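Shared between the two complexes below is chain A, which has chain B as its partner in the first and chain C in the second.
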Partner chain A sequence: MRTSTTARAGQYAALLAYLAFLAFPFLWLVSTAFKSPRELGSPHPAWIPRHPTLDNFRQAFDAQPLLHAALNSLLAAAGAAVVAVVIATPLAYVMARRRTALTRAATGWVVVSQAFPLVLVIIPLFLVLKNLRLIDSLAGLTLVYVVWALPFALWMLAGYVRAVPAEVEEAAAVDGAGRARTLFSVVAPLLAPGIVATGLFAFVTAWNEFFFALVLLKTPEKQTLPVVLTHFIGAEGVADLGPLAAAAFLATLPSLVVFAVVQRRITGGMLTGAVKD
Partner chain B sequence: MRARLTTGVLVLLLLLAGCTGGGHAATGGRITLRFQSLAWQQESVKATKELVKEWNAAHPDVKVEYVQGSWDSVHDQLLTSFEGGEAPDIIHDASDDLADFAYGGYLADLRGLLSHRLKSDIPQRSWRTTTFGDGVYGVPFLQEPRVLVANATWLKKAGVRTPTPEHPWSWPEFRQVTKRLSGGGRYGVAWPLKEPVSATLNLSLSAGGELFHRGADGKVTVRFGAADQVVPRTVHDQANTDHSASPTTLGSGGSDTLPGFFGGKYAMVPLGFSYRQQIAQQAPKGFAWQVLPAPAGADGLAQGVSPQTLSIAEDSPHKKEAAAFVDFLLRPRNMVRLALGDWMLPTGTRALQDPALHTAENGWATGTALAAHLRPAPAQSVRGYPEWKDKVATPAFQEYYSGAIGLAALRHRLERDGNLVLARYQR
Partner chain C sequence: MTLVTATKRSAQRTPRAAGGPDRPLRDRGAWFLVLPALIPILALSVGPLLYGILLAFTDSQSGRTQPTRWIGGLNFRDLLHDTLFWESFRIGLVWAVGVTVPQFLLALGLALLLGQDLRLRWLARALAIIPWAMPEVVVGIMWRLVYNPDTGVLTETLHDLGLGGGHDWLGGLGTALPAVIVVGVWAGMPQTTVALLAGLQNTPRELHEAAAVDGAGAWRRFRTVTWPALRPVALAITALNLIWNFNSFALVYVLTGGGPGGRTRLPMLFAYEEAFRYGQFGYAAAMGCVMVAVISVLLALFLVGRLRGGDDA
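So, the complex of A and B:
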């Protein structure tokens, strides 16, 4: 079925509108980050700052230990991503390939566990971590991020495993490969895009997470970036808008860079072999 | 599944974890106190850190560790810390956030801990904001009245009388003035009422509005009487009858109104006193602004405030030392430094006499003149107030101010629905 030119134009217009909708908050953030206080108070806001300034960045760095906080965030997020993927990959394989009552129940519980609100678990979690002497430690926070990311990571990876045809494993077995060799040499490479996507999900979730970090970390030197960002916000939501925007802009950069670098590989990997030549 | 995973991962990560303990340290006779500060503006963070440094230099045996807290989510963060026995020793918060912590036994009763100097320096009306039952659970130290920030040039051109703390506008006069200033797409006032309840209740004290009435049995009920109606009716009539108040800002926060104020769309904006910092920073060059007192009613310039407070955790093993630090932090000169940093008013009577707070620049003198009229916010000791505010009062006031419902319906909802909510907390 051929799409008419008008319909195609409409589709592109809708796509552009959607992209603009998605990009608006980020572009506004960038614009705000480079505006002076006077321009921020201007009754005629402009997208492109009339007198671009780096003062907001200077103030943000002067006021808060942004680099140190970013390093803490990086350690917690990267640690959580790696550990979550290492744990989730074999579990997801079992959940996808072994269709028993236990795996079905586990899958159901994974989905249900997503429904628990954060505030419900924070106090018990705090007490558990306190008994383990993991309060005020990045390792403790990383552990929480791993546990928090695992259900969705499992569910996501199980979907990727199901997409790998069982015949591929059977073919490997016929060729004489053992279970471990099949998993590491045949299944794992095919799962690579899924593993990367899941790792990214765990990374971004942990990188952006605020409440656990706020509650679990006490020492200022251990605070993560989202917590430090709130130090630009005062009572009743009044904010030091320029420095806040500058710091928030810098905080979004790692996620953007990681996605930009990895995105092509993910989609490329997902499509590999999808169509028979 | 999650529990099992947690156990497994815990074992795994425990092997890797660099474990650290928490709590209140006392090593080798040296005490370490943790002070969680919510100071956020650069000047106030600097002032607070300097004071901590000065304390530490003068008290080598009692070290204070500065911990940066955040107004955002402070309640949940403190609640979790209290429950887990990991709360800071000295806690910066606001009086309207203390009730649950005070009644929950998390905060120390300060009556026997504070010096006579500090007790007598802060007026009784301020102490009432942190008194719950028989105990005092925080030291109120900074407060801010709501003031009218006005476009001085506009008011002068219109020839309206400039109100002063000695001769403020009455509420009817304020309505007349805003009507006179409006027209041609411009408004006499822009009410930023994103949080309509606290603004309305606090300003209603000027007209004698109490709203919450405690009976002989100690139970509180809501009665929306004639005095309570003065302020809401003024705002409603400005927005819906006179069209002298911008209808678009009724759902906005204070900062959102500033571009319109600078752009000459609004002649006045009622704001908290500390907003002056933003105005001073953002106002276009040559823009003349001034601080005016909020209108007065039958009770003069009275208005409710919820001061910032310093409390001591009940679990702290070093309450005496913590109280000594609070006393140091709130010496008159230090209180002034904190007040200037936050662009707010100190509660201390001696601090209020400081010349730096009596200058006409940036409206300091007008605000300082209002200090004697500030009272505890009407609702802060009422149990169930947060639910009443969120579920009943906020939507009711928003609908009333937007013109969707009338005064009778507002009264009905505040009283009937509101008393049902409060009754649940007072069984």
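So, the complex of A and C:
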């Protein structure tokens, strides 16, 4: 299709505007993270730090237990991702392969769970976890993250299962493979890339999560990274900008890396998940 | 009802599918597949939801020694007269619509651009990941740096352009809500763009080319070819965005904490404070119920209206 030169120019101008809008806050964060306190105090801040320094990073680690918080986040997120994928894959398989009242109820839950405000869930959850003595504990938070990751995991995984032709399983059955063997040695390997992608996505969601962590964890040593990051902002909203930016930048890196790896696959999965049989 | 139809359906299917991988759920193996996920869902999602709705009809409070009592609709009656809550509710609606609409338009523009054969497309795709992957807390912190009245890039840029000096964007009564809405738009654009890009793949390319050959302009082609194919996805993502935005919490919590003077206190922040600062569990649960109810009604109206509008067009 031919497009006139003016139209092309307009398209490029629009694209550049989008690029600027998407990128500039992040670039500003990175720039702030490497600036010296003196430069941060200057009334005319520059985009590129004149004297780049790593001081902010050192100060950030001194001010808050960042490493410990990162470890807490890692434990909760990795635990939740692994458990969620392990329990979601079989259910997703059943949801994709059969239509019963149960699988339809599960699909309904996936949709409805998106619509409920977290307040309505967090208060009873808080009370239930308190009775189980799982309040203020990473195990309790991990459990919450598992359930919280399930709707999306089920949606994605059911899509991946649908992409595996049923004939593959029939062929295995004809060859005399039992039900369990078919699942574990025929279907599971085909699903592996999808399972990994779903798990990584669940990891990022849990790593980034804030609300549940804020409510459920009170002891500072148990808090996760997003909660600890908010401690950099004082009660009056005043913050030491350099260390704040440095810590925020570091906390984002794992999410960015993991996301860059799985993004394409997740986008594809959302599509196949949306295709009804 | 659903159970009956379901049994009927599976009864019809059984003979055809017997022996194949489509066997009914009755066999024991299937239960082993379903239960590991089903138990946590019931215990930690469905159960708490129902429990939460029940709590709305009690005087439940945190850390109280007396037993919790049923108080019927008292919470809801109090809520009806709680002007602070309704003000927060109004702000929530302004925020949800104010974020969702520009988000949709900007995402649509970006998706259409990415569908074109342009250079730098890869860069846009890569950059779009950033807002999506970032923790909401970091998004909030980052924009605080941008908006910072003394050393923020926004103030500085406006100053350079000769558009006035420093302004406390997040602290000003008039600017706080718009400033927060811009952040909401930024943060949610990638998901919407990706969904719309997926929808665009449904548009029939040949039809597009045929329309171009017939001399239809870009706008006409969009209206008659692209939009009809895109509509279902556009409706779904807009509805979801409305719900998500109305229920959002972390972003505004970090940006303003609901201030100044409650100008950005979204309903979720209000309910959070009620529950975990003042310990009013029952009352906060009632707020949650009202939020769900009102949003469901608005959403139903929106979807019905849109679907009708489609018949006329």
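Methods note: the second predicted complex is superposed on the first by the 216 of 277 C-alpha atoms of A that agree within 3 Å, B and C clash if a C-alpha of one lies under 4 Å from a C-alpha of the other, contacts with A are read in each partner's own complex, and residues count from 1 in each chain.
Heads up, the rule we're going with is that a residue touches a chain if its C-beta (ideal position, glycine included) is under 8 Å from a C-beta of that chain, and two chains touch if they have at least 3 such contacts.
Treat the numbers as computed from the prediction; the structure is a model and nothing was measured.
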item	value
Touching partner for A:136 - first (chain B), second (chain C), both, neither	first
Partner chain in contact with A:109 - chain B first, chain C second, else both or neither	both
Between chain B and chain C, more extensive residue contact with chain A	C
Touched partner set for A:203, first chain B, second chain C, both or neither	neither
First, second, both or neither for A:145, with chain B first and chain C second	neither
Chain B versus chain C as contact partner of A:57, first or second or both or neither	neither
Touched partner set for A:42, first chain B, second chain C, both or neither	both
Partner chain in contact with A:94 - chain B first, chain C second, else both or neither	second
On chain A, the residue positions that both chain B and chain C contact, one per complex	40-45, 87, 106, 109, 113, 119, 122-123, 127, 143, 146-147, 150, 210-211, 215, 227, 230, 232-233, 237, 239, 241
List of chain A residues in touch with chain B within their complex	37-38, 40-45, 59, 62-63, 83, 87, 106, 109-110, 113, 119, 122-123, 126-127, 130, 132-140, 142-143, 146-147, 150-151, 210-211, 214-215, 218-220, 223, 227, 230-241
Footprint of chain A on chain C - complex, ascending	2-3, 6-7, 9-10, 13, 19-22, 24-25, 29-30, 32-34, 36-38, 40-41, 43-49, 51-53, 55, 60, 106, 109-110, 113, 116, 118, 120-121, 123-124, 126-139, 141-146, 148, 150-153, 156, 171, 186, 189, 194-195, 197-198, 201, 208-209, 212, 218, 240, 243-244, 246-247, 249-250, 253-254, 257, 267-268, 271-272, 275-276, 281, 284-285, 287-289, 291-292, 295-296
Touching residues (chain side chain A, partner chain C) in the complex	1, 3, 7, 11-12, 14-16, 18-19, 21-26, 28-29, 32, 40-45, 47, 86-88, 90-91, 93-94, 97-104, 106, 109, 113-125, 127-128, 143-144, 146-147, 150, 154, 166, 169-170, 173, 179-180, 182, 204, 207-211, 215, 225-227, 229-230, 232-233, 237, 239, 241, 244-245, 248-249, 251-252, 255-256, 258-260, 263, 267, 270-271, 274
Touching residues (chain side chain B, partner chain A) in the complex	1-2, 5-6, 8-10, 12-14, 16-22, 34, 38, 40-42, 45, 66-68, 70-73, 76-77, 79-81, 83-86, 88, 94, 195, 253-255, 258-260, 262-265, 272, 274-275, 278, 281-285, 308
